[in-house]
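One chain, subunit A, links the two complexes that follow: it is found with subunit B in the first and with subunit C in the second.
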Partner chain A sequence: MIKSYKLRRHIANGLIYLLLIILGIIWISPFIYLVMHSFRAEGLIAVDHLIPQQWTFKNYIDLFTGVGGNASINFPRWFLNTFVVAIFSCIISTVSVLMVSYAFSRLRFSARKKFMNVGMILGMFPGFMTMIAIYYLLKAMGLTGTLVALVICYSCGAGLGFQISKGFFDTIPRALDEAATIDGATKNQIFWRIILPMSKPIVVYTVLTSFIGPWTDFILAKIIMGDNLDNYTVAIGLQKMLHNDFINTYYKQFLAGSVVVAVPITLLFLKMQKYYVEGVTAGGVKG
Partner chain B sequence: MKKILAILMAGVLTATAFAGCGGGGESSNTNSGSSSKSGESSATGVNASTVDYAYFGEEDNVKLKVWAPDAAVNLVKQQIEEFKKAYSEKKFDITVVAQGESDAATQMLNDASAAADVFSFPSDQFNKLVDAGVIAPVAKGFTDFVSTSNSEDTVKAGTISNTLYAYPETNDNGYYMVYDNTVVTEEDAKTLEGTLAACKKAGKKFIFDAGDGFYACTFAFTAGAKIDGLEEDGTQKFVEYDEDAAVKTLQAFAKLIKDYKGTFTSLNVKNVASGFKNGTCGAGVDGSWDTKVNKDSLGDKFGAAKLPTINVDGEDKQLVSMFGYKYIGVNGSSKFPNSAQILALYLAGEECQKQRTEELGWGPSNVNVQKDKVVTESPVLNAIKAQAENSCTQVNIASTLWTPMGNLGNKLVADEWKPDDADATRKLLQDTIKNVRDEG
Partner chain C sequence: MTYVEYKQLNPFQRFAHNFKKFILNIPHALASFFKAIGKAIVGFFTGIGKGFKNYGVTFVKGDWATKLSYLIFGIGDIHKGKYYKGILFFLTEVLYALYMIFFGWTYLQKFNTLGTVETTQDFNELGMPVTVYGDNSMLILLYSVLSIVITILVFAVYIANIKDAYHHQVMRAEGGKPTSLKHDVKEFLDGKYHITLLSFPTLMIGIFNIMPMIFMILIAFTSYDQQHLPPGTLFTWVGFDNFSSLFNFVDSATKATTFIELTKWTLIWAVVATFTNYILGMVVALMINKKGIKFKALWRTLFVIAIAVPQFVSLLLMNQMLQTNGAINILLSYFNGGVNPQIQFLNSTTLMARLTVIIVNLWVGIPYTILSMSGILMNIPEDLYESARIDGAGPVKTFTKITLPYMIFVTTPQLITQFVGNINNFNVIYLLTGGGPSTEQFYQAGRTDILVTWLFNLTMSSQDYGLAAAIGILVFIVCATLSLLIYNNSKSMKDEEAFS
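Now for the complex of A and B:
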């Protein structure tokens, strides 16, 4: 038994850090591999060695200038599509989520509890369960293969994810609302002028989650877009690059593309990071 | 309250489920209707890949979508321009979309009404497409001409219960051996032993995807366990074979693989081109679809041959592979069934096949093009043709074939496998056949 408390603490800390370092390496190695190999010059597809022998920016340049000579692969277009879809669904879903949460948190109306329960139950079904139904509904409206369809899918159900921001609104004292009401403010004014400015963290959280959705969603986009290559998003576009017809030419561009996709999300995260943690934890407190 | 809610939810769900079924049923109805229509309108036979305007029936302002594999998109676009010229009295709006042939059936089954009117696909997807009723048979008036102008094998493979379901497009959907001719000589390439020895000497790999049933079935086929169509319930049939001889062949494979450990590598076929490019691969088994990239990687060093032979008890046995064809099919729910048939007939015709052979290196199914010197003088197409004579046709394949065959391959190349253990090999073969026939 080691007597010295200090030594014991050092050993314990050492072991803990060692474990954390190992876990950290395991977690980050795929990303490092991805980034390194997106700069690889040699080989066509995967290579045996871990560290590239020749480095180049060519994969990135090719990705955006369409070298590879193939009209079907148009990464800049896909990137733009995704960006547009992400912006629109982000705006629509943020507004709708916050409004729904506010209504459930502040207003008292009959069937409020029931609506919340329905929302909970609907939220329990995984999104892809209704995929086929969504496809045929969109087809009936003549929207399959369009970006509008994607925006509709990503943002129209967003209101169901009200739980976290409702939790956050519940923590804002009702006394504020009452004071505003006495001063003559309507419910609408209270929401925009009083509650929203106080809820930055949760707004940021909602913006982030709804912005990331379109970048990472694969199945829904795949089934809606079908063979309409011009309207592909990055997720299905990148998968297309790995298809048998393309993989030999586009594997390295695929790696580069995967890195590029991370850029807008990362930028947004960096910008909004300081609110993010606050938002996640604040919403978890049940009021 | 909760109960009522639950019932409501369940109701909504069943309703959506039925809605889905409804859609599917409808589309299959329309398709059977339209296919019979296209049959009626073409009463007499044709004898060229362009036909009389009468075959269009009432159709004008035709809007069609064509699916072609990516490599062929530009060529198909040119061919469609020619098609429009040939029928200048009609108005066409034809779009060509890149769609990998390997996914064609899946995409068709997803939603046939949103899929292409004319699409190309490999022969193994036939049963799927016909069972689902999404493919329209070749118009009756065209059948005789299509059957006589294409090779017998492709027509036979495209005929299910006496109906020809699609227009033969290629006669080359199989794999063969590609090699770096500075490593492997033409003489070496004749035997597996020679090829492996040459690769080992040069310190390069021989790549064969033993874990993929499509390639790994070579082991079983070479051993004698060839497939022989399907039984009525869809179970895979095998020909009668001598089990003792089969076990010996498998042992010979395993021994050779063990002897050339490090040289014989089981990797995805995409590594062949990559390996040629960075100089780690000496030879490999790859398909006709990768011919172009393999040629680009090797340049003048490109060599092609049929699969080699393997020495079993002093006798050289030819490796037997899986071999298929590609077809052009017409969507059963096409809005312009007659025009779609006419376009498919044109695209599968002699002239278009010849262009694809010249520009893309595809092996034609048309008997006249097969005699042309673009085909007879192409080393790749000759290698494929030679291999085709030693192959099982990729039609009527049960979906249970691939995984057990891949498993067989994986076992044979595994480090811990003992080539001398005849009993284990026999059991492996028996298990594989049993699993394919789903009797396990």
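Now for the complex of A and C:
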């Protein structure tokens, strides 16, 4: 009886391993294809085989030097644009998220609950709703097609994403605040000297999330930039490479560009997951 | 249904029961939602009434400086020796007056017509054609909204000014002295620190979230489209025309057909995409987390990578792989005797394109389900399983009696969030098919377009802003209702936890 039960379990586990391996291959193979073909030398767009026959770095070199291409496709510039936008919106978003979550978590004031509810409800509204309207607003201000507009868009609503870091701040014992208050510290000093140094995982998590945002966003950048190719970010830039006018020259460079963007972002994302788990499960302090 | 009866149901019946309860609960939740709104409105007006009362009482009791504060901001404060605050109040009034006289009013007075002076062509003294710009409806609307918001804010300052003047009057009568600037600044770093922290984010959210929303809602009631484009031509208020054109099969048949067909497809898409992702994601998550399966972290990472790679990269890649000469067809040719089957996944028939979108969405969405489910699976208390084992329950029984009910219970709110997310799933549709296969029957949309991508096309390519805003509002109402329902439910759940 026990033996057959064990056998059954072994067979079941074996089947599961088999399934997981197949699924794993399905999920990972597009990326393997992407990386392999970004080093491909032969062919323009499609080739009739899955594994490249000649390997080269030329696609990457062309991507960054722009040799033999159209002047309007300027990947280094797009990369720099995205980087600048990411840095600025990261700073502004992180600061506002931390400010809002600290205020809601540690300070007690009359309209706190109301503010939090309004914030939560606003945060739940689908983003594209405001996107279209922000487009009108920026158009009237003459800001469409500029990087400033992008920074504004990525960071303006950041304060609404306060829940996760508020949850983290909530786990830090209030006794610490009280002790500091007795020693004569103001709320401002408590924030900077006590709470922030203890909140490394959640600060890193916030920084990484807001830094990754501009690299992965597509729709907002598309709406704001329109045809202003100079100020494109990598996302809409790479899509431009697949446009009918460019795809013959740029298909392989598109693959190379995708790798260049995807690798660092993937690593950052995995790092962020780690900090998220650390922040959420470990809680603020022990002892 | 009694508790005992409920306990006798199997998990699927329970789920059906809970689901039914949830659906039946919707009218009640809506009712309480509107009741809350009603209460808020009543509270608002009683507040205003109270404000008026205080306004009058303060005027009667105030001395000459307080009374003068009703006309000139800050006089009361300056008279009582609170100079910096009085000067700030006064400056607010001056700036507001200047803003209104030189800027705000010129726009605000045209708010009801959105401009009457057309842009015309004229000739200058040399006989060269020049454009004489008339009113710009867009700017009139925008700056009117801005002026109204500013007026409301200044009104709040006005009330604060009166309150402050009276406060200092009472303080002086009691022999107190107003606090110094230094003391007040310090207070903003301590007792009033929340104002320091929240003012900047609130301002940003106000300007770039709330104001655009008001603006967008107003646009839906105007004739802003490709025939009425400022600065060349004017647009004006048209009431509910944009909304009615979506339902009028006589005068605007193509628009109405497009709207109805796209709504159908959006709902089918959202339901199918949500449930397939949920069920299959749960299956994979259970496989990974099964006892005795090794390398759990490895399997999970394999799937997480699919999330970590920016979505636009994976979707654009998928789009290329699904072309007739793409990787998928090449792969199939190995099974087809080396002949490329040339299957057109994305732009041949409607059914094919829709199926492809749903399958690719599985590839995109399942990792998200796995990620959230794994966390929940690890959180199921181990002693539940242990006591079940002691009672003699086999693996099948523990699964149907413990794991499944637990998962369904915990993840139901998440299911609805995903449903809302799928209604707004712009990326998958836009980057994968671009709305294709195209059709003549639809107005500015293809067979796989959902409402959100149609809205995007209307704004970006055909410039039907009014219509786009109207669709946006309709989608928004559906999503907001669902979101608020979840919000109310999850809040009560949180409260429940608070008692345990």
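What we mean here is this: the second predicted complex is superposed on the first by the 250 of 287 C-alpha atoms of A that agree within 3 Å, B and C clash if a C-alpha of one lies under 4 Å from a C-alpha of the other, contacts with A are read in each partner's own complex, and residues count from 1 in each chain.
Methods note: a residue touches a chain if its C-beta (ideal position, glycine included) is under 8 Å from a C-beta of that chain, and two chains touch if they have at least 3 such contacts.
As the structure is a computational prediction, the values presented were derived from the model and not from experiment.
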Clash-or-fit label for the pair subunit B, subunit C on subunit A: clash
Subunit B versus subunit C, judged by how many residues of subunit A each one touches: C
First (subunit B), second (subunit C), both or neither touched by A:227: first
First (subunit B), second (subunit C), both or neither touched by A:160: second
Partner chain(s) touched by A:135 [first = subunit B, second = subunit C, both, neither]: both
Which of subunit B and subunit C A:179 touches, first, second, both or neither: neither
Which superposed partner A:32 touches (first subunit B, second subunit C, both, neither): neither
Which superposed partner A:188 touches (first subunit B, second subunit C, both, neither): second
Which superposed partner A:11 touches (first subunit B, second subunit C, both, neither): neither
Touched partner set for A:248, first subunit B, second subunit C, both or neither: first
Which of subunit B and subunit C A:45 touches, first, second, both or neither: both
Footprint overlap on subunit A, where subunit B in one structure and subunit C in the other make contact: 45-48, 121, 130, 132-133, 135-136, 139, 223, 226
Contacting residues of subunit A [partner subunit B, same complex]: 42-48, 70-72, 114, 117-118, 121, 130, 132-133, 135-136, 139, 144-145, 223, 226-229, 243-249
Of all residues in subunit B, those that touch subunit A in their complex: 1-2, 5, 9, 16, 19-20, 23, 67, 69-71, 73-74, 97-100, 102-103, 107, 110-111, 114-116, 270-271, 273-274, 277-278, 280, 289-290, 293, 297
Contacting residues of subunit C [partner subunit A, same complex]: 138-139, 142, 186, 189-191, 193-194, 196-198, 200-202, 204-205, 207-213, 215-216, 219, 284, 287-288, 290, 292-293, 299, 301-314, 316-321, 323, 325-327, 330-331, 333, 340, 363, 367, 420, 423-424, 426-427, 430-431, 452, 455-456, 459-460, 465, 468-469, 472, 475-476, 479-480, 483-484, 487
Of all residues in subunit A, those that touch subunit C in their complex: 9, 13, 16-17, 19-20, 23-24, 26-28, 30-31, 33-34, 45-50, 96, 99-100, 102-103, 107, 109, 112, 115, 119-122, 124-130, 132-137, 139-140, 152-153, 155-160, 186-188, 191, 215-216, 218-219, 222-223, 226, 235, 238-239, 242, 251, 254-255, 258, 261-262, 265-266, 269-270, 273
